[in-house]
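Working notes for the structure below.
Each chain carries a letter (A, B, C and D) given by its place in the written order, and its residues are counted from 1.
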Amino acid sequence: MPTVHLRFSALPAHVRTARLVAATVARRSGVGDDLLDEVRLAVGEACSRAVGQHTRSGLNEPVTMRLLTEPGRFCVEVADVVPIGVPLPGITSAADLLDADPDDMDESLGLALISGLVDDVAVIPGIDGTVVRMTWAATAL
Amino acid sequence: MPTVHLRFSALPAHVRTARLVAATVARRSGVGDDLLDEVRLAVGEACSRAVGQHTRSGLNEPVTMRLLTEPGRFCVEVADVVPIGVPLPGITSAADLLDADPDDMDESLGLALISGLVDDVAVIPGIDGTVVRMTWAATAL
Amino acid sequence: MDLSLTTRDEGDRTVVAVGGEIDVYTAPKLREQLVDLVNAGRYHLIVDMEGVEFLDSTGLGVLVGGLKRVRAHEGSLRLVCTQERILKIFRITGLTKVFPIHDTVSEALTAVG
Amino acid sequence: MDLSLTTRDEGDRTVVAVGGEIDVYTAPKLREQLVDLVNAGRYHLIVDMEGVEFLDSTGLGVLVGGLKRVRAHEGSLRLVCTQERILKIFRITGLTKVFPIHDTVSEALTAVG
């Protein structure tokens, strides 16, 4: 199974690297050009979210991104290691956003973007961290 | 310590990804523009070598690249997991090259390039694989 | 690509032209710019997004933060954007309801309300 | 960037113009091209490297392999290259002693020996 794993310290600069790697491997895995912007954005959001979780929890451990190229699909998993996860902010409207704490707002906007952009997405909370899994169709090259 | 790890299946396409990641992080770590071509080439060689070792040994495990950004320097380690390592070919002249087995020739050319390009390089064989470690000067950004 | 920021005053309004990538890495620079403007008494901001190549949630968050700041002074924050892929990001997050979005800077300069 | 290959015959010589990156990923395409030419009876090859942006040891290996093949038919393999960063790679590996390297294609076309 052709696979790429990237682990990086929880720093914003590395989110750019993760985006670049995901888009490059996606393209090479046969994800359509029209979807690459979406991959770049969604992967960036998932990674920013994980970096934010680590930073807010004061964790030094790295964030992990796994890219799986399978026949017909390209799958990205971004995992943080924050045990329970900072609870999801209860932001449900634009008006709430304006009142929210900035970190909560970023987290809420990030998840809104991921779920609005990606058809096949799952946020899987676990006792050892949360995994965001996103899958795109890919024609075999 | 800001760090990026990349693990990838032993496929030539992923060597390109590794090159791209190393050059991106090197630039962001303050490695001079005049050295980036060298980083790209040397890291590609170290990764191609590791991919070749895994392929020749029939190993399915991934190759690992670690990037360490430290004050004043940028360090790249590329590790294979081939227990003893395919012994170094005894190629010492251009004439030998023309007689050599193609795999031996590639390995020999790759190591010649790494050692010719990079001032600070070490090839560290171990019972669980070989690590190629290369270090470049980096001005803090 | 990195972020580029250019500001110019037009009467009581200030146009901030943004170029490049507004993401988790560069958004702090944009935040700083907006905070500086508000601290300097500029409460009517127009952010020209036509040169933006990439925008993520952190960038959106900075724009919302800017809006909060100018509103505290009865100000306004208008966006100029015609790029479909950027507009899509505002639509998905419901922010088209929060920001007035204009097709051109001159439209934004003359807009009221 | 991917590899681009363009070939043209000039008398008994064939010029292969290479563009882009010759690396572990694309080198097999170049190898295939050289093998095809030799199988088609073209034994005097000129590889024009002026459009090459990246060259690694796998690419070098393919060129050496091509040289072995044409030599088996008393042929020749000449390179055209003036890019310092590419020439450096041939120098470091001692291959400047193995390949005749020319400044222009026309020089390579008229070279003897």
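Keep this in mind: a residue touches a chain if its C-beta (ideal position, glycine included) is under 8 Å from a C-beta of that chain, and two chains touch if they have at least 3 such contacts.
Quantities reported herein were computed from a predicted structural model and do not represent experimental measurements.
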Given chain A and chain C, the chains that contact each of them: none
Interchain centroid distance [CA atoms averaged], chain B/chain D, Å: 25
For chain C paired with chain D, centre-to-centre distance based on mean C-alpha positions, whole Å: 53
CA centroid of chain A to CA centroid of chain B, Å: 29
Inter-centroid spacing, chain C versus chain B (mean Cα positions, whole Å): 44
Shared interface positions of chain A, touching two or more other chains: 13, 16
For chain C, residues that touch 2 or more chains besides their own: none
Inter-chain touch pairs (all): A-B, A-C, B-D
Contact set on chain A toward chain C in their complex: 12-13, 15-16, 37, 40-41, 44-45, 48, 51, 93-94, 97-98, 102, 105-106, 109-110, 112-113, 116-117
Contact footprint of chain B on chain D as seen in their complex: 23-25, 54, 56-58, 60-61, 64-65, 67-68, 85, 89, 92-95, 97-98
Residue ranges of chain B touching chain A (in the complex, touch as defined): 1-9, 11, 13-14, 16-17, 20-21, 24-25, 28, 62
